[in-house]
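Here come two complexes built around subunit A, the first alongside subunit B, the second alongside subunit C.
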Partner chain A sequence: MSDTFYDLMRRQGISRRSFLKFCSLTAASLGLGEAGAQQIAKAMETKPRTPVIWIEGLECTCCSESFIRSAHPLVKDVVLSMLSLDYHMTLSAAAGEQLRANAHETIAKHKGNYILAVEGNPPLGEDGNYCIYYGKPFVDVLREYAKDAMAIVSWGSCASWGCVQAAKPNPTRATPVHKVITDKPIIKVPGCPPIAEVMTGVVTYILTFGRLPELDVQGRPKMFYGQRVHDKCYRRPHFDAGQFVERFDDEGARKGYCLYKVGCKGPTTYNACSATRWNEGLSFPIQSGHGCIGCSEDDFWDKGSFYDHLTTIRAPGLSNLGVEGTAERIGLTALGVAGAALAAHAAVSAVRQASSRGRNDRVSDVEK
Partner chain B sequence: MATYQTQGFTLDNAGKRVVVDPICRIEGHLRIEVNVDKDNVIRNAVSTGTMWRGLEVILKGRDPRDAWAFVERICGVCTGVHALASVRAVEDALGIRIPKNANIIRNLMHATLYSQDHLVHFYHLHALDWVDVVSALKADPKVVSEIQQKISPWPMSSPAYFRDVQNRLKKFVESGQLGIFNNAYWGHPAYKLPPEVNLLATAHYLEALDFQKEIVKIQTIFGGKNPHPNWLVGGHPSPINVDGTGAIGAINMTSLNMVKDICDRTIEFIEQVYIPDLLAVAGYYKEWAKYGGGLASQNVLSYGDFPEKPGDYSNDSLWWPQGVILGGDLKKVHDVDLRAPDQVQEWVTHSWYKYAQEQNGLHPFDGVTEPSFVLGPATKGDRKEIKEIDEAAKYSWVKAPRWKGHAVEVGPLARYLVAYARGHKEIKEQVDSTLKALDVPITALFSTLGRTAARGLECALTARRMRYYHDQLVANIKAGDLATANVEKWEPSTWPAEAKGTAPVEAPRGALAHWVKIKGGRIDSYQAVVPTTWNAGPRDARNQIGAYEASLMNTPMAKPEQPLEILRTIHSFDPCLACATHVMSPEGEELVSVKVR
Partner chain C sequence: MKVNRVSGRVLQGPYEPVYVYEAPVRFWHWAMMLCMIVLGVTGYLIARPLPAIGGEATFSYFFANVRMIHFIAAMLFAVLFAVRLVWAIVGNRHARSIFLPPLWSFEWWSGLFHQAAYYLFLRKAPHHWVGHNPLAQLAMFVMFVLGTFVIVFTGLSLFSEQFGWGSGWMNAFGWVNVLLGGSQMVRTVHQLAMWWLALFALVHVYMVFREDIMSGETVISTMINGVRMFKREPR
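Moving on, here comes the complex of A and B:
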């Protein structure tokens, strides 16, 4: 018999009272009321640990490495008490035939009820033989395991968009998962890699609420990818004030000014880095002095140098106006919220003003 | 092929074929096939890398200052090593000298990776080859506590603690959902540890899983995130400000304090948990000092690392020395020159690529990679499903690198042998005292056990080295030096029309180097020869076998259908296949063109 999360907690010596308290706290931290707490308790009492098959195509294992960095919850608790990670290339004790049998067993026993997590992507060139599993093209294995899955989680930018191996000229025809599997719900969790707590946050959300998170039009959980790095960046006031790092290690860099002029892609990147931050909230690229390279965005490898000012993004000729247009377009199409477009507009307008007034001068009339 | 001799091994593929695909608990995709004789002893071994991504062609025409970010994505396990090799190679090409602080920060980040990567390898990628998790259920927690207190001052040592871990494990097993432990080799006759040591190691498997994420926070402080922190051509992106306005946004007193604290806790964990466990487990597996040596007793290569002087990779500057040992002669260590056309070369005779002249190897500055996925006539199966590979033909996505034509092993054991032969004081003392503690001769190093032991000993050194670099950084700041980046040659307009550069990194898994050619401010060609390419590579034009293949030879298997012995030896190298198989043409999109040197 499969065990429920609640059974497991009880058998680990956790009292019913503590269990309910845990549910209340969880509900509170998620901004839910007493009804939410009851919902969480019910979910945990009735569900066996959700089986997960985690496969890897063309990738670098940075997603798995990020996953094991999770502090809240600790990954050992995820693996021992929340999920049943039945197949994982990097963590499973079994290999070869034995590991393959694990996947078959999970598919047979939990038809329609397991999650297929995909790290990396299938190459379609050379009949799929740029990535071979058990002697077969990886894309065939992906299709086989996806067939009876409840849902698919596309970990990282490889599975979500294609990432580095799909950068021009994409010699292996590396292809994101949603272009190969078209009949299953797919949650994209982009980033190279995604933030650890975003990964475990998506997983625990599904387990807790018994449903997939709300997704944006591109298939990303809104709760983590609904805003730009720029929107929550602690250096934003320097951007608004026109105080920029002009060169690495200059006075502005040492004072923590905005990295926009040395290429920061925060204004066009949807991710939780500036709010959740990395490695238990310790830092994120901008905080450590380097601009955002936009690693959670589709095609980010092919949008010019990481050190180019954003004006080069699809803005031939009209640099400043171009940025504005681009930011506005991104705001409107990707987010579909007029307010965000307005914010982007305001931000870029501020830059335009700043650059017209000379460097590092304070701009007093920043648009709100 | 029936039988042939190479490098002192007799290969015979007549016996039963055993296929292990995928090899788990590694990075990337690796398939191993062996033939065993009637006594189940391995008489033929075939290592097949089963993925290829083509990163180097993607780099053609890009800005060389961006290259580190692309190549960093070669591997997320040994994260940062390719980025480091890239910024070093580009700086070599453009003649950029980085500030002292940047060199110290890079060394610190590199030592940090070593400590975390080796720790994760031992507990999460390798331990389950030696530790029977299910047997731990039978352990007496009181006895476990006594063992723990005898071998280490580590405070997590009470009977109650081990009872808790055992209870959690028991309930996990009873749930019927064994997750990552499902369908493994529990109860296999090759497991030798008593239940108490199994429980001890299982408890530390979980503790190490918690702790490894702390170590990498040093990379987060300086690089903004981990995996895949940020780097910079010309120095390091994180500025230093310990005094004035804005200090809170830079490397400052609080971040330096945190770095120091992490260094000290890392030293403590490695010395009080990892090393005592390694010695305790090794004591039960001394017979593994007889198996798995492969090429280690013959040819080993190390590029060395941790330069004291920025950009200087000579033995005067390096903490770990570079060198090559051939034929097991520890008295003569050869010098490595990455630019010498006759030293590092790659062959594709048995790899899924084409050269105009396949009997020749090519130096990376002249490297060519034209994929050619063709299966040999003796293959069982076809392109849709390969049942057994034909190693007489092309059989791997990994190339076969050679040093002056010799197949070599790289990695912790190779580094230790080179350092030992070069008379490195710290390493010599450490090796001698460990051999004494385990009561085994120096030849015991040439083995699976020796490789695993060398990695642990090295981890103890790198943990202490982290603290050394922290102290060095503080001292340098105290002396008034705040510079972290040299931007004099940041703008492409300051670069020569054409330039080429190369630089080594001694990565956790072994010798790594990148070669870059720059033309008109853009990358003209980019090549990387990677540790796992050296180790996992297939046969070459002379049918010499690679390090993985050699290491499996003549190992007896208890139950060939449960290939625990293969996992032990292959895991002792810590395979990283994404690294090994990214190689690509410098010709960019023209995958059909072939350049001949």
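Moving on, here comes the complex of A and C:
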């Protein structure tokens, strides 16, 4: 109980030098600077550590997969060892009843002090029976574990927004965490999956400071989701110049032009991909020549084509008939119909005017 | 001349010229028109950029300039609209008409149906009106005023995004993003609003010319000198 992170790390065989390196690396990735590194070191040496319980609902485990590929091995080892000590279905050494006992012990011992990390989301349809956890609907487990948590981390677009399992028509009624748990601070870390460094950064921040990082109005950490992919994209000079890829096999694609015209959603997507990149900073989708598909945005499966920068409009109630269109098609059609109607109206008006003049019953044209 | 105060319908002659549009409204009208043309053209170019220009990106800033022109015209447009809202309060009776159609007035509704029937060739002659006829007033409100509100707020929200969440701009206009369910939807609605306003402009221009030629009142010159003249005696 009185363990600090520092004690834990030393027990894991991590030297003081490595520990300080970890502190400055973390401070840098969080944008905290020199003073931040010292703050982190101090907090880790003195504060009792905060346990994390990681549960998985309706999900594909891509968040966990991303998490264990964090770029800085030290961060990964440290954070992972802290986590797996408590509870993670996929990553813990223990299994079955023993693992569950661990979770309950942690909850009992650290009431109000542990972090509940949720990967995936609870389906509410059929009384929650689409996702069973230890013989119970996952939604009940979520409520039970959330009750005494200090805060909840919603991993990925599933927990944050709903993601693919909540895409229309959402047969299982998959529901994001914040719509089920309403009385706890929740931090959303969207993305499908979220970037590894973003995940470890968020966890480290909460663990060291014992509070959530600064969030935007929708509950995402500002430091990683404050800006759009477009704002830091290295292809941005081509955007500003007006140099666009028209097709994926054209000259512009070879030259690395901006992908806006083939539907890049970077201008409407809040994520750190263009700044942090993926796989130890190796690359990210746009760098590999494909536009951003907006995986960290709410509802990104239901917005129409991944190759159009706008949302496809579906006539309400008519979506089963396939009545849908782009804003441009709708606009041009409306203008065309209106133009034809006005032309007809003009023709009838002219005929009327002429015939009434012929019958000579027109109102006197005296100027007043 | 006798005029209904609420609907603006001319009840009895002899007809006299009426000062309808004060100078600020007239100036505003033509300035808005210019802004809208610039915004429509640059906006469409943003949605559907021209084919790529070759050469090094270092030497071209074409697309950024198109956006810059859009933003400058947009700011002017937004300010003009805001000022016009103020003028609706301090200006004359007609300055209010497109913002506050008197939906509570029976006389107004009956005028609206009469006017609609006239345009569907079910009635021989229109009534005479000092300001906008009720149908025009409603169309102005629904198509122009509401459309402009939507395009200005979605536009300002899109503009704010470059400053990031937590910036003053996003604090002021980020709610549009949250309300519509994400930035992509804001963009989509922004473009739909453009088509909505284009539809308005098309109908507006047609009606203005038609009325100028066929109705008993001056229309185009009214937006130039502010005075509504009546060309015929009432029946």
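Everything below uses one rule, namely that the second predicted complex is superposed on the first by the 262 of 368 C-alpha atoms of A that agree within 3 Å, B and C clash if a C-alpha of one lies under 4 Å from a C-alpha of the other, contacts with A are read in each partner's own complex, and residues count from 1 in each chain.
Throughout what follows, a contact is a pair of C-beta atoms (placed from the backbone, for glycine too) under 8 Å apart; a residue touches a chain by one contact, two chains touch by 3 or more.
Computed from a predicted model, the values in this text were never measured in an experiment.
Colleague: I'd like to know which partner A:89 touches here: subunit B for first, subunit C for second, both or neither.
Modeller: The answer is first: A:89 touches subunit B but not subunit C.
Colleague: Looking at A:134, would you say it contacts subunit B, subunit C, both, or neither? Reply first, second, both or neither.
Modeller: So A:134 only meets subunit B here.
Colleague: Does subunit A have more residues touched by subunit B or by subunit C?
Modeller: Higher number of touched subunit A residues: B.
Colleague: In the superposed arrangement, which partner chain does A:168 touch: subunit B (first), subunit C (second), both, or neither?
Modeller: first
Colleague: Taking the superposition on A as described, I'd like to know which of subunit B and subunit C A:228 touches: first, second, both or neither.
Modeller: It touches subunit C, and subunit B stays clear.
Colleague: Mind working out whether A:49 is in touch with subunit B, subunit C, both or neither, as first, second, both or neither?
Modeller: A:49 contacts subunit B only, not subunit C.
Colleague: Residue by residue on subunit A, keep only those touching subunit B in one complex and subunit C in the other, then list them.
Modeller: 257
Colleague: Once bound in the complex, which stretches of subunit A touch subunit B?
Modeller: Going through subunit A, the ones touching subunit B are 1-3, 7-8, 11-13, 48-49, 51, 56, 58-66, 68-71, 74-76, 79-80, 83-86, 88-99, 101-102, 105, 123, 126-127, 129-138, 140, 163-165, 167-172, 174, 192-193, 195-196, 235, 247-249, 253-257, 273, 278-280, 282-290, 293, 295, 301, 305-307.
Colleague: Which residues of subunit C touch subunit A in the complex?
Modeller: Against subunit A, subunit C makes touches at 14-16, 47-54, 57-64, 66, 119, 121, 125, 161-162, 164-166, 174-175, 178, 181-188, 191-192, 194-195, 198-199, 202-203, 206, 210, 214, 216, 229-233, 235.
Colleague: Considering the complex alone, what residue numbers of subunit A touch subunit C?
Modeller: Touching subunit C: residues 214, 216-218, 220, 222, 225-228, 231, 237-244, 246, 252, 257, 260-261, 265, 267-270, 294, 297-299, 303, 309-311, 313, 327-328, 330-332, 334-335, 338-339, 342, 345-346, 348-349, 352-353, 363-368 of subunit A.
Colleague: Can you tell me which positions in subunit B touch subunit A when the two form their complex?
Modeller: 19-29, 31, 50-55, 57-58, 62-63, 65-66, 69-70, 73-77, 79, 120, 124-125, 128, 133, 167-168, 171-172, 174-185, 206, 209-210, 212-213, 216-217, 220-230, 232, 234-235, 237-241, 244-246, 248-250, 371, 373, 381, 383-387, 397, 482-485, 487, 490, 561-563, 567, 578, 584, 588-589, 591
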